[in-house]
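Sharing a structure with you now.
Note that the chains are named A, B, C and D in the order they appear, and that numbering of residues resets to 1 at the start of each chain.
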Amino acid sequence: MKKAGGRGMSNRMPAAVLVEFGKVEVREVPVPQVGAGEALVEVEACGVCRSDWHLWRGDPSLVMYMEWSGGKLPIIMGHEVVGTVVAVGNGVNGVQEGDKVVVPASSTGDSRNCLFCRNGLSNICEHLWIPGFGTDGGYARYMRVPAGSVADLVKVPEALQDKSSWLAITGCGMGTAFNAVVDKAQVQPGEKVAVTGVGGVGLSAVAIAAQAGAQVIAVDVNSEALERAKNLGAAGTVQAEREDPQLTDKIVEAAGGPVDVAIDTTGNPQVGVGALLAVRPGGRMVLSGLMVKGAETLPLPADAVVAREVTLRGALMLAAQRYVTLFGMLSRGDVNLDPVIYREISVHQVQEAFQAMSEFENAGRFVVTSFD
Amino acid sequence: MKKAGGRGMSNRMPAAVLVEFGKVEVREVPVPQVGAGEALVEVEACGVCRSDWHLWRGDPSLVMYMEWSGGKLPIIMGHEVVGTVVAVGNGVNGVQEGDKVVVPASSTGDSRNCLFCRNGLSNICEHLWIPGFGTDGGYARYMRVPAGSVADLVKVPEALQDKSSWLAITGCGMGTAFNAVVDKAQVQPGEKVAVTGVGGVGLSAVAIAAQAGAQVIAVDVNSEALERAKNLGAAGTVQAEREDPQLTDKIVEAAGGPVDVAIDTTGNPQVGVGALLAVRPGGRMVLSGLMVKGAETLPLPADAVVAREVTLRGALMLAAQRYVTLFGMLSRGDVNLDPVIYREISVHQVQEAFQAMSEFENAGRFVVTSFD
Amino acid sequence: MKKAGGRGMSNRMPAAVLVEFGKVEVREVPVPQVGAGEALVEVEACGVCRSDWHLWRGDPSLVMYMEWSGGKLPIIMGHEVVGTVVAVGNGVNGVQEGDKVVVPASSTGDSRNCLFCRNGLSNICEHLWIPGFGTDGGYARYMRVPAGSVADLVKVPEALQDKSSWLAITGCGMGTAFNAVVDKAQVQPGEKVAVTGVGGVGLSAVAIAAQAGAQVIAVDVNSEALERAKNLGAAGTVQAEREDPQLTDKIVEAAGGPVDVAIDTTGNPQVGVGALLAVRPGGRMVLSGLMVKGAETLPLPADAVVAREVTLRGALMLAAQRYVTLFGMLSRGDVNLDPVIYREISVHQVQEAFQAMSEFENAGRFVVTSFD
Amino acid sequence: MKKAGGRGMSNRMPAAVLVEFGKVEVREVPVPQVGAGEALVEVEACGVCRSDWHLWRGDPSLVMYMEWSGGKLPIIMGHEVVGTVVAVGNGVNGVQEGDKVVVPASSTGDSRNCLFCRNGLSNICEHLWIPGFGTDGGYARYMRVPAGSVADLVKVPEALQDKSSWLAITGCGMGTAFNAVVDKAQVQPGEKVAVTGVGGVGLSAVAIAAQAGAQVIAVDVNSEALERAKNLGAAGTVQAEREDPQLTDKIVEAAGGPVDVAIDTTGNPQVGVGALLAVRPGGRMVLSGLMVKGAETLPLPADAVVAREVTLRGALMLAAQRYVTLFGMLSRGDVNLDPVIYREISVHQVQEAFQAMSEFENAGRFVVTSFD
């Protein structure tokens, strides 16, 4: 293998490590080495995603996924990664040292050889690799990309080179939002779109649906988040209560009628049902949030789904080849995604960030941008 | 209005009337008169659909629908109707006396003027009319079609004139199956399709999916129904138990792997979840069954929907203009749908049929073909 | 019938009449009367569409259509109509006096009873009615809407009441553009879209594709039109020559690579082929322009269509029920379609406008807004 | 590399070599050796496709493709290949010695790394490899598969192991037909489908559309081919003349009305236009044939495409991952594709076969099954 670094890279680095569920500690760890087919990325920014928080809590789906994909505690967390390739192993030819890349959170684990990858859905690869789950992630200066996943690294175009925080979030949250709005819901200009939950994914979904010409209604309990949604192009907002029995009515009222599309980013069963019932007959709903322990199913009013012929679809991050189109959209002159970013933090503040997220204090994404 | 009949039609007729939930009685009632814009159909055959049974039981969705659409007890039931137009009111020009027609169970109630109708979805019309719910239905010699719904009467092509029992079932069950298999699931030749519940809708779905070139797995507790499914082209069957915890595994085993498509016709929450989990990532599921009192939501494993990017869609009967294609399929020489018909009965046996359906004794559809 | 007017409407009015091909004269004609099922519209604005110009020239498709639909010279031209309903005949209940309506150029001629209408495509109705072709059109103060077409009149929402010139153009040009960009090409945010020919349809297509989040390249010989395209959101432009052998290369260069979608609004065979060859493999092209006498076929490089698996689709105006979504888009606060309008003119300037259009002098649409 | 063979394989073999356009000679050539990443296939059957004939004639598209992809005369022809892997080079892990495989004619040339491959369209790979064009093909006992294309070899399921002639044809003709009927036209059960040209691709398209439940009309000048089409499930046939001005009318008459879908496999401009005009408004047409020298464009009646909103799509062979579904269809018990095969021949009869194809004498595919 090639020597990682050559920029006077030291041999150890601080890393935010999940040592037990609920507890992230910063530890000094060795800089990873890369073997054949692998790549080493010097991380510039790494978002703190709601699904990191789910893992931190120990919520079932993600713990199950971590185990299935071979990861185990202690592990360096972080899966919304943008950075620069600083070393590659033998046999790597898709990327080279110096390339600025996004690491799609949802990367092929088998060089795109499974049937899903081959149908354009590497984001649901049979051997899916997510950094910070299957192997160490991006809350540290350097991150190793396994051999089966190097094929999915996405080079950043010239126009976006200096947008590190946005780019980090494309790795998962904004990628998921693009998948949900564009690929799964196929939102049209002029349509009414409700987005329930406007954290990192939700704010991104608001921005993307607004870019797509839709009339967007943002729904959240956090008024600052709603303010950000407006700045990203939402035409209206709904200030929801926790456990809000009026949710459907509020959405319909804000939209001036049932919506064409609902996108739920919360994973909260009650919110999901409330949003679903606000969808017009023949409309579409996309689920992209994950559920918490103890609330692991959504009580689907199936008769309403049948009688209204609603379509529900799941959206899981974004397949690597779709970044061309996402980046095309981000490159347009009038796009400003800064309101999706809540606060830039250091690798030492990750535990604190998770605690804030437990209280839903944040409006938008924490992004780790300092690794010393 | 024109005089109904002229064939020596008497003024009264026996009719199977729902007098209270759980109780159908045969009563002598007046032959209906038609007013402006209306049509009178002499019924040749009328299927006994599982949703009639839901209404008979008083299950919530259909009682709610009946009330919403202006119907009330006592009411002549029956909504899978084929017959001959024997009288039309002033202003009717789409059909005339002597036309053999199917009455789509899911008919426009407003001459196709709502937005759903205008987008090709008259089956989810804002003013949806279902015979036997909104107004008297087809368990009697004559049935009146309201003015707003005459536009949806479907003329029967020459090639199918003598297939009354099949045609009756197209009105709801087979129409729903066509919608589910063709329009919503978009089944491709060679795909693996599981159909859970092979009553009238399910057997029709098996037949249609087999016509569409799929490898079909039929799933039911009733072994005679499974035998019929094989005769309709099923490549494999699953003999399920009531409350079968192995349902997913059995489907996957019978199909030689996860299925591309699942079509649930049961409305049973446990069956629905079992079928959903047998669908491959990126696959599709269609719900067409309705739910019973006390089991009114399906506990959706939403994380699985997200992680596998499954698409779920509801299918409600079939829009009238789609019968051209359905009839095109039925006209092909090698199609035999007789196994979908369980037994031809008289209007006096409807109560008995519902009781048999409560025990899931029937394998396929009862069809009322005798009205004296 | 109800008396037309009541606003002191005189019995005669000036009208721009096509008296022979190439010659429009203003004549005083009687205000039309409405019969049963019909409506009378007081015209506020009526665009001068390229297809009016084709008819004026006597180009084959539109002459053929005129004859097929029962129209003949002399005829009042004009088919991009917005106005107010001032009288309705017996039996009309969808609209009433005082309603501000757009008359979709492509309206059902049989109250949406043909199979195309019933599948949501009233714009290709078997009995299609286009004002100014089948019957007298909108270059006069009053226009009669035939009984079979009243069902397709589109009420204008509150937010757009004062946008008469935009609304007129939705009747055909902008409607066609919405159909082309949204319904046929299904443009996604971030995609590269070339629009060849930026007259009324083309400028509208630029605006709509930009609203949909695309990176739009506008192509024309007219530099003022290109300037307008930029104001409507085009990311780049191509100044083409007449008979430009470099057209494909110029588009690819301006777009930074082959485009995902091309939309040709010119009907010019050479432009069509040039645009087609700029489309990436797997991409889409929409044809919406009509052809002139002597150049009535497009020499399709079919091997390229096969080898690149390109999809070509025709787009003909817009079905009436789709205006809900189009109006949703137009109602967004940041939309300004003024640059699509070239000049507001009087009914006396129509001949002059056609002559200017023959020289391709105009950049955008002439709209008739003065009828005295 | 591993030693090819082990079955007493000799070092030389006869091969049908294109030595100049119009002239195939059988020559003794060395058995190919495999290098790193490559595979050696012992050919069991290799179809004689119309596009081989185009290359043999020197028709422009395929000569151009051959040159682009690095091939040059003399070259062993043949690109519809099924056989057994008898040797693999270092680093190959997707297949191993003894695997029976189809070699998709349209294979990725870069291990599925281009954007088209990554979107599921390896059949239009940027570095597309077609055996017999880019490198030596299958009209010889052994064929080498280049490193970049090994990833696309398709393993044959148990149920089809003994169907060598069918399998060969899936490599191009039947694969193209599946792509055209299922992926591009999305034929539904009950639809009317015209297939113009019932050679290898056309007969396959008839069979697949019939399996998909359509009412198929087969069109050809060769009455034996039409007879075979009936045996494969065509509901009707049209005996066309060369240069048949009545083609559209004959198709419409045979189908009992305009067709929902036309699939042209001829590449003949006049046939293409004739078929297009038989398509109903809103219908679809797929082009899969290639054109001959001197007739290289199709004079598209673009006004009709616009006015009828027809969709045209190109179909080029079949992406490797779609064979799962194609094989699923072929595995159904009631499928018999023998009528697609015209005659099994030896490698020594290839020149003769091309000459017969020039006269359109053959009804279905020649397949080379003897290599001594």
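Please note the rule applied: a residue touches a chain if its C-beta (ideal position, glycine included) is under 8 Å from a C-beta of that chain, and two chains touch if they have at least 3 such contacts.
Just so you know, these numbers come straight off a predicted model, no measurement behind them.
Q: Common contacts of chain A and chain C?
A: B, D
Q: Where are there more C-beta contacts: A-B or B-D?
A: More C-beta contacts join the chains of A-B.
Q: Check C-D, A-D or A-C against B-C and flag the pair whose interface repeats it, over half of the contact pairs matching by residue number.
A: A-D
Q: So, what's the distance in Å between the C-alpha centres of chain B and chain A?
A: Measuring from centre to centre gives 42 Å for this pair.
Q: Using mean CA coordinates as chain centres, what's the chain B-chain D distance in Å?
A: Centre-to-centre distance between chain B and chain D: 42 Å.
Q: What are the residue numbers in chain D that touch two or more other chains?
A: Residues 119, 324 of chain D touch two or more partner chains.
Q: Spell out the part of chain B that touches chain D in their complex, as residue ranges.
A: Going by the criterion above, the answer is residues 182, 186, 188-192, 208, 211-213, 215, 235, 324-333.
Q: Which stretch or stretches of chain C touch chain B in the complex?
A: On the chain C side, the touching residues are 94, 112-113, 115, 118-120, 122, 151, 319-321, 324.
Q: Using the touch definition up top, name the residues of chain B that touch chain A in the complex.
A: Within the complex, chain B contacts chain A at residues 60-61, 65, 116, 119, 121, 123-124, 184, 267, 269, 272, 281-282, 287-291, 296-303, 305-316.
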